[in-house]
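What follows is a group of structures, each given as C-alpha cells.
Look for subunit A in each of the two complexes below; its partner is subunit B in the first and subunit C in the second.
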Partner chain A sequence: MKLAKSFIVFFLLLLPVRMEAADFVLVVNKKNPLESMDRSDVKKIFLGKKTFWPDGQGIDVVLLAEGEVHQIFAYDILNKSPRQLTLYWKQELFSGTGVPPKQLPDNKSVKAAVASNPQAIGYVDILQFDESVKKIKLD
Partner chain B sequence: MNRSLAAFCIFLFGLISLQPVSPCHAYNVRENLSINGFLSFGYIKSRHNNFLGNSLDGSFQLNEFALTTNYIANDTLRFGFQLLSRDVGPEGNNDILIDWAVVDYRWQDWLGLRLGKVKLPIGLYNQGRDIDFLRPMAFLPQSIYDENKRTLVVAALGGSIYGNLSFGGSGDLDYQAYYGRVDFREDSGQARGMEQLLGRTALQRGLGEVSDFEADNRYVYGGSLVYAPPFDGLRLGVSYFTGQTDFDFHVGAKEGSARGTNKDFVVLSMEYFLPEWKISAEYSEFTGDREILGTDIHDGRSQGAYVQLCCHIFEPVVLSALYDVFYADKDDHDGSNFVADGQPDFLGWRKDFGVGVRWNISDQWIVKAEHHWLNGAALQLPIFNPQGVDEDWSYFVLKTSFNF
Partner chain C sequence: MRLINTIRKKVWFCVNVAFLGFIVATGFALYSNYQQQIHLTHIRDFDFHLAMRSNELLNLFVIQKNYYKESFLFGSSDSASRGNALCEKIRTDIEAIIKIKRSLHRLPVDRVESLGLLQKKYHEYVEQATELYPLLAQGNDPEDYIEALQLLAAAQTEIQNDLEYFSGFYRQHFSNNVTTLMRMTNRNSAVLAVFFVLLLVTMSLVVNWAAKRTLITPLTHIKEAVRAFGRGQRSFPALEDMNDKDDIGELGVAIRTMTKDLVNSTVSKAYVDSVFHNMNDSLIVTSNNFLICSVNRATLDLLGYKDDELIGHHVNKVLSEFFCGGAESEGDDIDAELAFQLCSNAEKIFLTRDGYEIPMLLSVSLLNDGENAAQGLVYVAKDITERKKAEQKLEQMALYDFLTGLPNRMTFNDRLEQTLKQAHRKGQQAGLMFLDLDRFKEINDTMGHDSGDALLQNVAKWLSSCVRESDTVARLGGDEFAVILANLYEPQDVVNTAERILAAFVEPVIYEGKEIFSSLSIGIALYPLDARNSVDLLKNADMAMYQAKQNGGNNYSFFSGKINPRLTGSSNSPSELSEVVKM
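Let's turn to the complex of A and B:
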C-alpha cells in the first residue's frame, strides 16, 4: 500500500503543471478600427485560417517566441502547448501550405512590430501594455 | 546511400546550426524570404522479415533531408519550393527531388489556388508524411500511409484549390481539391510491386523475362474535407483519391502493357487533442484494379484502420501506442483467396502493435525509439523477402531529427 501511494505521488509529480500567474492582452495597431474580437476568430487568425481583416487587408501575425505569456496564450486561446503550436506551423511550412508567423523575443519587440504595421496583431504581457498599441477586447 | 551527399548535407546543416538564428529558426534572408530545412537519420532492425529494405541485418537506410524556401510577394501571393532527399531501403537513394513547388494565390480565406507541384491531402497526415519530427513514430500507420504507395500519393504536378469556410458558432471547414499527374519513379514500391507481379505472370505463361519496364501516371485527382467543431481539440475528416497509371515493358521479344487504377481510396479521420494528449484514428477502404497483359487481376477492396495514442508524460517526453490493422480484401479477412492461389493465408492481413518514446530535446531536435510486433505479411512484404515471409515478425527503430 505504501509502495502504491509512493507511486501515485511520483506519478502526480510528473504531470505537467501550468503556471498561470501572468496574463496577456491582445494588441493591434492604433489605426485598426476594431475594438473587440471573437475568441474563435482570434484562434483562426493565429492558426493561419483567417488571413484578412474585414477591410480586405492581409493580417500580419506576430508571436512571442517563448516565455510564460506565450505559454498562457497558446493554452488559453489555441488549446495547444507551445510545442504543439510550433509543430502545427512546421507542418504547414514543410507541407507547402503555409508560412509560420514572425516570432519575436520579447514584449517590447512585439509592441514595436505592431505599432509600426497597421495590419499587425500580437499579444503582450498585460503588465507591459502601453499606449503605443491598441488593446483588443476578447468576446 | 551516397556518402558525398550525406557528408555535404551534414556539413550544410552543421554550418547552419552554428549560426545565430531568429526565434522561429528560419533564415530570413530578407523580410519576406525565408529558408528552412530538416534532416533525420534512423536505424531499423527487424526479426523474421525484411521491412522496407535489408532490415534483418540492421539498416541505416532511413533518412530524409529537405531545404525549403518561401517568398511572400504580398498579402495574397506566395512562391515556395522544397527540395527533398530521402533514402528508405531501396527507395529514394538520396536523389535530390522537388518535393513541392507552388505559386500560392490566396484570394479570400474561403478560396485559394495553388499551381505547381502540390502535396496531396489524403487522411490527416499525408501532406506531412516525410517530415519525421512531426510523426509520433518513425512511420505513419501503414494501413493508411503505406510506404510502398508513397510515390503515387505524395504529390502531383498540377494544381489545387483550398479554403476555410466558417460557420460561425458551428465550427469551420477546411477543404482542398486537386488534379494532376505524378512523376512515377521506377524505384517506388508500387512500380516494383507491379514489376514483380508482371514477372510472376509472364513466368506462369511461359512468356519470358520482363525488361524495359516503364511507368507513366495518367492522372490523379481527389480532395479532402476537415471539419473543426466549435469545441476545442476535435477534427473530423474525409478524403478521396483516385488515379491511373500505365506500364509499358518488353516480355521476351514482344511489347507488353499493364494498367493500374486506384479507385475510391477513401479515408475517414478523427483527431482529438488536448495539450498533453492526442488520440487519432482513421479508417480507409481502397479498390485496386490491375490489368496485366490483357487479363484483369482480382485485387478486391482493401480495408485499413488504426488508433494511435500519444501522451506527454512530462514536458520533453512523449509516449505513443499504436494499433494498426490492414486487410488486403475486406471480404476475405482470413486470407482464403490467397490459400486458393497456393499462397499463405497471412498475406491477406497485417496487424501492427507498436509502442514508442520520443524525447523532445528542443523544438529543433528530437530522438525517438520504438518497437513493433506484427502478425501477417500484407502490404507487399514479399517484395523485400523473395526467400519467403514469416507470419509473426517485429522491428525496432531508433531515429533522430533536426529542423530549423
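Let's turn to the complex of A and C:
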C-alpha cells in the first residue's frame, strides 16, 4: 500500500512537469462537428478499435513521427510506449485485423494532412497548433 | 432317459447341463467382448488417430503461425526458417488425415473434399508465407507488403478456423464413439446379466428336473416302499415299472424281489398274530421273572379276563399251584429256575376271574430265538374239562352198575375186602347180605324188560334207604344184590336191617300205571363167625340165600354152618307169599 501510494504521488508530481515541458493537442479537420471526446474513445480510435465517426464517415488516423510529443501521446492516451505501439500495430497487421496508421515526419505535415482530410484525426505539439485545424478537448 | 441308466451317467448329465449353460454364457460373453473389441479397434485405428492427428495438425499450424509472428514482430530470420521447416510436416499430416478418411468409406465424401480444399488452401498459403515472412524478417518495410500481409492473415485465419473445426469435429466424433461404446457396453452388461439369470434359472430347472426324474423320485419310491414294507405292506405298485437296466431301478427291482421272497419264505407278524389269536388253545407268554407278556384271545375268553388285567401280572394269577424253582438264591441261575417250570402235557389247574378251577393240559417251553439265552416261557394249555368228565363217566361205568347206579361186583369185592380188613384190624364184626328177587324171571317175561329194569331201580333205592351211610349196597348182576354191613355191634342189627328191607317190599312198584309186587330172599353171613375171607363169606351168604329161597322166598336166612343159637328158629318162619302180580 505504501508503495502504491508513493507511486501515485510520484506520478502526480511527474505529470505537470511533463505537460509543462512538452504537450500535445488532439486535432481534427475543421469540418468535423465534434468539440470534445472521451479519452477512451480517443484510445479506441488510435488503436484501430473504432474506425467510424458518429456520422458514419470512416476515421483516418495520422500519427506523428518518433519524438517527444509522440511519446507523451502514446503514454498519456494509449498507455503504451512508442515501441509497444509499433509492435501492437505489427501484430494487427500480421493477424490481418488492422492496418497501421500513417506516421508523418513532423507537426507541419500532420496539420496539412488533417486540414486536407475531413475524416482525419491526429495530434501535434501544442506549441505548433494553428487555426488550420480544429482542436478537440479531452474529457 | 432310457440311456441315462447309471448313477454316474445321471450325475454327469446334470453336470453337463450345467456345463452347457456355462459354455453358452461364456460364448455370449465372448461374442459381446468381440463386438466391443471391433468397436475399440475402429476407435483406436480411425477415430483416435483422426482426433490426435487433427489436434496435432492444429497445434503445428499454431506453432508455425507463432514462429512467423515472432519473425515478423521481432525480425527474427531464425524463427521464419523454423516456421518454414514445419511446412513439410503439416503437409504430411494433412495427407495422412486425408488417407485415413479415404479408407473410411462410411464417412461422407464432402468432408474428404473439404479436407482437399484445406490442403489446397494451405498449399497456397505456404507458398506465399515461406517467401514473405523471411523477407520481412530480414528488415524490409512491412508498409510495402500490407496487401500481401492482409491476404496471408486472412488465409491464416481461415485455415486455422478450418483446422479448429476439424480438430473439434474429430475430437467430438471420438468422444461420441467412445460414449456410444460405453453405452453399448452397459447395454451388453445388462443384456448379459439378464441372459445369465435366465440361463441360470433354466439350467437350475433342467438340472432339478433331471435330478428329480432320474434320482430323487425313484429313490423316494424305494424309500416309501421300504417304509411300507416295515408297516406290513407287501405290494408296491411304484416299484412295478422300474427298469432293471437302471442303477436305481435295479435297486427297486431288488427290493421288490426281496419282499416277494420274504413273503414266500417267512411269516409276517400279522400272520403270527392271527395264528396266536385264533388258536383254540390257551397261550401265555411270560418274561424271565414270570410276568405275563402276552395272552391270546382263547385264554381271555376261557378265564374271563381282559388282556390288561393279565399283562404285567405274575403268572400265578391264573396258574394255581405255581411253585418257584429250587434255586432260591437271588436268581443267579435264571435258566435253572425257568427250566424248573418246563413240563409237557401236565395236568394243571387254571383259575378263572370268578375263582373257578379249570383243568388244563399244560406244556411249558422256553422262549428263545436260537443261540441267545431264554427270554421267557411259553405256556400252552388245553382245556380238558370235557375229557375229565368223560374220564369220570368211564370210571363210573367201570365201578358202578349202569342201571341202578350201585357199585358193581368189582367195586363190591373191593369194598368187601376193605371192610373185612378194617374189621380184622379193629376186631369188629361185619355182616354180608346176599339178596335175590323172587320170581324175577317171571316178572321180566310177563311184563317186559322195562318193567324189570324199573323194578331193579326201585329195589336199589329201597335197599339204599334201608341201610346206614357206612354200609354198602351193590348189584352183583341180574336180580342179585348184596349189602355189606360194616362195624356190626351185634347180629340183631342184621336181623333188623333184613326185616326193614323185607318190609319195604310190601309196597308195589308202579310202572306205566301197572303195579308190580315183588319180594326177595336174603342170605346172611357174618364175619368172622361164618367165614374168615371174602370169598368164603360171599359163598356162605349165597348158600344162606339159597336156604331162604328154599324156605319159600320173601324171607331171610343165616348161614347154617354155624348157626347162632340165639337166632335159630326165630327167623325161618315163612311169610305168606304175596301176590306176585296184581293186575
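The criterion applied here is as follows: the second predicted complex is superposed on the first by the 119 of 139 C-alpha atoms of A that agree within 3 Å, B and C clash if a C-alpha of one lies under 4 Å from a C-alpha of the other, contacts with A are read in each partner's own complex, and residues count from 1 in each chain.
By definition in this document, a contact is a pair of C-beta atoms (placed from the backbone, for glycine too) under 8 Å apart; a residue touches a chain by one contact, two chains touch by 3 or more.
No experiment lies behind these values; they were computed from the predicted model shown.
Participant: Quick one: subunit B and subunit C on subunit A, clash or fit?
Facilitator: On the superposed model, which is not a single observed complex, subunit B and subunit C clash.
Participant: I'd like to know which partner A:S81 touches here: subunit B for first, subunit C for second, both or neither.
Facilitator: first
Participant: After superposition on the shared chain, which partner residues are touched by A:Q128: those of subunit B (first), subunit C (second), both, or neither?
Facilitator: Once the two structures are laid over each other on A, A:Q128 reaches no partner at all.
Participant: First (subunit B), second (subunit C), both or neither: which does A:F52 touch?
Facilitator: So A:F52 only meets subunit B here.
Participant: Of the partners subunit B and subunit C, which touch A:V99 in the superposed model: first, second, both, neither?
Facilitator: In the superposition, A:V99 touches subunit B and subunit C alike.
Participant: Once the shared chain is lined up, is A:E66 touching subunit B (first), subunit C (second), both, or neither of them?
Facilitator: first
Participant: Looking at the overlay, does A:N117 come into contact with subunit B only (first), subunit C only (second), both, or neither?
Facilitator: Once the two structures are laid over each other on A, A:N117 reaches no partner at all.
Participant: Output check: A:S40 vs subunit B and subunit C. Expected answer is one of first, second, both, neither. What do you get?
Facilitator: A:S40 contacts subunit B only, not subunit C.
Participant: More residues of subunit A are touched by which chain, subunit B or subunit C?
Facilitator: B
Participant: Would you mind listing the overlap between the subunit B footprint and the subunit C footprint on subunit A?
Facilitator: After superposing on chain A, subunit A residues 87, 90-91, 93-97, 99-100 contact both subunit B and subunit C.
Participant: Write out the stretch or stretches of subunit A touching subunit C in their complex.
Facilitator: My answer: residues 87, 90-91, 93-97, 99-100.
Participant: Which stretch or stretches of subunit C touch subunit A in the complex?
Facilitator: Within the complex, subunit C touches subunit A at residues 68-69, 72-73, 142-143, 146, 149-150, 152-154, 156-157.
Participant: Where on subunit A is subunit B touching in the complex?
Facilitator: Those residues of subunit A that touch subunit B are 14-16, 40, 44, 49-52, 57-58, 65-66, 75, 79-81, 83-84, 86-87, 90-91, 93-97, 99-105, 119.
Participant: Across the complex, what residues on subunit B touch subunit A?
Facilitator: 22-24, 26, 34, 36, 38, 66, 68, 70, 72, 74-76, 78, 80, 82, 99-102, 104, 106, 108-109, 114, 118-119, 127-128, 131, 133-134, 162, 164, 166, 169, 172, 174, 230, 232-233, 273-276, 312-315, 360, 363, 403
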